[in-house]
Amino acid sequence: MGTLNVTIYNEFVHERKNEYVKKLYPEGMHEAIGGYMQEQGFNVRYATLDMPEHGLTQEVLDSTDVLMWWGHVAHGEVKDEIVDRVQKRILDGMGLIVMHSGHMSKIFRRMMGTSCGLTWREAGERERLWVVNPNHEITRDIGQFIELPNVEMYGEVFDVPEPDELLFISWFEGGEVFRSGAVWHRGRGKIFYFRPGHETFPIFYNKEILKVLANGVRWAKFNGNTKALGINVCPNVKEPLEKLSPKDVELGKIDHPKS
Amino acid sequence: MGTLNVTIYNEFVHERKNEYVKKLYPEGMHEAIGGYMQEQGFNVRYATLDMPEHGLTQEVLDSTDVLMWWGHVAHGEVKDEIVDRVQKRILDGMGLIVMHSGHMSKIFRRMMGTSCGLTWREAGERERLWVVNPNHEITRDIGQFIELPNVEMYGEVFDVPEPDELLFISWFEGGEVFRSGAVWHRGRGKIFYFRPGHETFPIFYNKEILKVLANGVRWAKFNGNTKALGINVCPNVKEPLEKLSPKDVELGKIDHPKS
Amino acid sequence: MGTLNVTIYNEFVHERKNEYVKKLYPEGMHEAIGGYMQEQGFNVRYATLDMPEHGLTQEVLDSTDVLMWWGHVAHGEVKDEIVDRVQKRILDGMGLIVMHSGHMSKIFRRMMGTSCGLTWREAGERERLWVVNPNHEITRDIGQFIELPNVEMYGEVFDVPEPDELLFISWFEGGEVFRSGAVWHRGRGKIFYFRPGHETFPIFYNKEILKVLANGVRWAKFNGNTKALGINVCPNVKEPLEKLSPKDVELGKIDHPKS
Amino acid sequence: MGTLNVTIYNEFVHERKNEYVKKLYPEGMHEAIGGYMQEQGFNVRYATLDMPEHGLTQEVLDSTDVLMWWGHVAHGEVKDEIVDRVQKRILDGMGLIVMHSGHMSKIFRRMMGTSCGLTWREAGERERLWVVNPNHEITRDIGQFIELPNVEMYGEVFDVPEPDELLFISWFEGGEVFRSGAVWHRGRGKIFYFRPGHETFPIFYNKEILKVLANGVRWAKFNGNTKALGINVCPNVKEPLEKLSPKDVELGKIDHPKS
């Protein structure tokens, strides 16, 4: 199928401002993730908030199979016109993988139509991500669960539409649960949300977490029907496929909006 | 459960500009629909584009159980801040019923996350809406199908997320099919899309179509859990429910965004 | 809507053989559940394994709106012909509520098409059932979670089809999670699985658990389209609704099976 | 991924008894389908009703990636023990593709849990299968629709669980619609139902229909998590993953059923 083109967006703010995070991810979380993705044979590019157009030009998006997204403190600084552009590209078939605090990003909320709220606690507690769907490309080669010693907790209610497929449910030491891995389809695009990945923990060095993300990339690539009509338009198909019976109604003459 | 409060939004443009439509719906499509809803015992209010805040003030929305929506040529004139407000209220539990060309409204596209595109043809052809889910409150007391003699055609691909439940599929004389009745859940709100209802045909006087819409209102009302935590927020739940084991990690000191 | 007719099936074996269980549920778990259901105004009947036809005669089923099911050690003794009968009645609109170890009952496995397997441990540990869908009739008037001090644990993978709606996820003290409350639609019938309810713990005296079950009864009652064609048959509809064009094919003369 | 092993089951009755069908499919419908599948590079085997164990021995199933199924007049002659065996293998990861009148087969009804009823008419009318999901491996390289000049009609209500993904909706000349292509997941197995394929029409020689079926085979192969726990069992996981607090309850001593 050719080499997959993966673009990793990271707002890249914590790693520059916070000494603790800088020590953990000196080149940014995107490079920690990207290094693994390159080992998988993917063609990897990076995009950060401070780049022109946040690094997400039309050209970059048009040549991206799967976009990965990490953001946290600077969701509000992402320009609406870029969000519009990313949404349109997803509807046309680009995959989207949203990680951790990316749940509050403009693009994820745009695609979900919901608030994407949840509860949270930063206490470094233990998490166990249980696989609840063992017949899925994304959970491939993962055992019954993944255990992480120290994480930020996310708790229910996670305000997202019922997932098309639920893949992981997390157990937290402090008593909560969370739907940590889930997928949705929107237009021709596939979307995977995966919870792990806080900036103050070395989670993006965890080989099992990285494996799930790489599985997600393979799953999210467009696999569909290039012959089919575009679905981002409203064409007037004037000629019926079947012969119509004579009509005795007067058809109103109304100017219709351009789609 | 008390009287249901229904607000019917109609952009109310065609009925004022086009003689043909004016003759058909002299008081506007909203009043044709609203009259039937009043007969059902619902408390009905109207909202139109030209009213202050399009008639959708916070006060009106807060006291609305179910909002019905018809728009066509003036989707773009609906203010984004009003769309934001309606979305928030739906996520908090208000039902939404979108009719016919409302599929391209800002609010429907906002809730779906997709383009909501489709194909169309205005040839006054015959439509037969088949019930594919006979065990649903919305198809109650409807037979195998509803037949409409003259309609505008809508064809697939209808670019919406896979419905939570598909209720009606339309057959068209000209050779197309369409998923004409479908429901989705978003946050605490329920959404029903129903295809019939073009401005140049007397479809909003059809008793079966009106019955489906009234069933939709009853279904879409909030029925849930008033005790549960709000889902439009991201609270920090600092105190764990279970005692945590001692942590030997240094927790990064990072200012988190306000939700 | 008139009084709801609820039939509670309990295999009623543990309560007669085990002194501990007998002390806990002297009249059987079905009467503990049934007492609460009567307080809700439902018309309650009981069915047990040792009754003729397990108490599930055609007459009983035909007059049952919702059937509740508890079984454990005697799933294999339920006659296949009774399971056939119950399945047919569910497809025709009777609701089904399956409790706890009923997940391995013939009727639940029949309706799901899967093994319905899971992992389990009997250690009297703590369980917290989190509401993940606060806009559902079944979670009505329940808070963020229900806590049970001592339970048998059930763990994932729970081998059921992806639920139509997931309502509860359990957290267990021992480290597992479980999809504890979920609903499916089959034919005209609605199915609710709810995990709590082990024979050696007083869970069927817990008011919150009973409230969820009563909510489940109200939700599972048939609410649909009595006018629609039966869906348990394959009728030959010889006359087309539209006039067909002339056919130049020879139609094979084949005797078709009776449906 | 290695060569895919496809087994095609055909009851192979019509082709031997009816002269018209014999002329159309002299080697049986299975060989018409199988020839195309071999051209795709799949390893193809055949199974017919009259073979020992209907050709579906444990050995054959264990080495089958995807099973295709065609049956019509002899559903009742398929032995229940073979259906049990096929079901178990599907739950363990074998794909299943059910064609046309196979909707009433024991195995499809077993997997669905419903009656799988529908309406039908044999009038050689025109059918147009519309793609409603253009981003799916199964609709790959198919245009907006497939047109078939002469078919047996199938109409709604199709009594199956709401599909996980709906792929095709058919328009019929006589006025009906039908959900003609749909997928479900059961256990680790994937199931694809595809409507075309009547014994008296040359549909299994249509290249587009065959392409969809071949796409279905590729999609339905097991792609999942070989490391995960089996899901056809109920293991007792005696040792908790977390240390439990002391329990002051007496745990009932009850002999549990073997799973």
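Read from first to last, the chains carry the letters A, B, C and D; within each, the first residue is number 1.
One rule holds in what follows: contacts are C-beta pairs under 8 Å (C-beta built on N, C-alpha and C of every residue); 3 or more make two chains touch, one makes a residue touch a chain.
Source: prediction; values computed, not measured.
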Relative to chain B, chain with the most remote C-alpha centre = D
If you tally the C-beta contacts for B-D and for B-C, which one comes out higher?
-> B-C
Just give me the whole-number Å value for how far the CA centre of chain A lies from that of chain B.
-> 26
Taking each chain's centre as the mean of its CA atoms, how far is chain B from chain D in angstrom?
-> 36
For chain B and chain C, what's the span in angstrom between their mean Cα positions?
-> 32
For chain A, residue numbers touching 2 or more other chains are 128, 131, 134, 144, 155, 157, 162, 164-165, 173, 175-176, 185, 187, 228-229, 231, 241-242
Residue ranges of chain B touching chain C (in the complex, touch as defined) = 93, 128, 131, 134-137, 139-144, 164-165, 173, 185, 187-190, 222-229, 231, 241-242
In the complex of these two chains, what residues of chain D are touching chain C?
-> 14, 18, 20-21, 72-73, 75, 87, 91, 104, 110-115, 117-126, 149-150, 153, 155, 157, 159, 161-162, 164, 173-176, 184-187, 199-201, 228-238, 240-242, 244-245, 247, 249-257, 259
Chain C residues touching chain A in their complex are 128, 130-134, 144, 155-158, 162, 165-166, 169-172, 175-177, 179
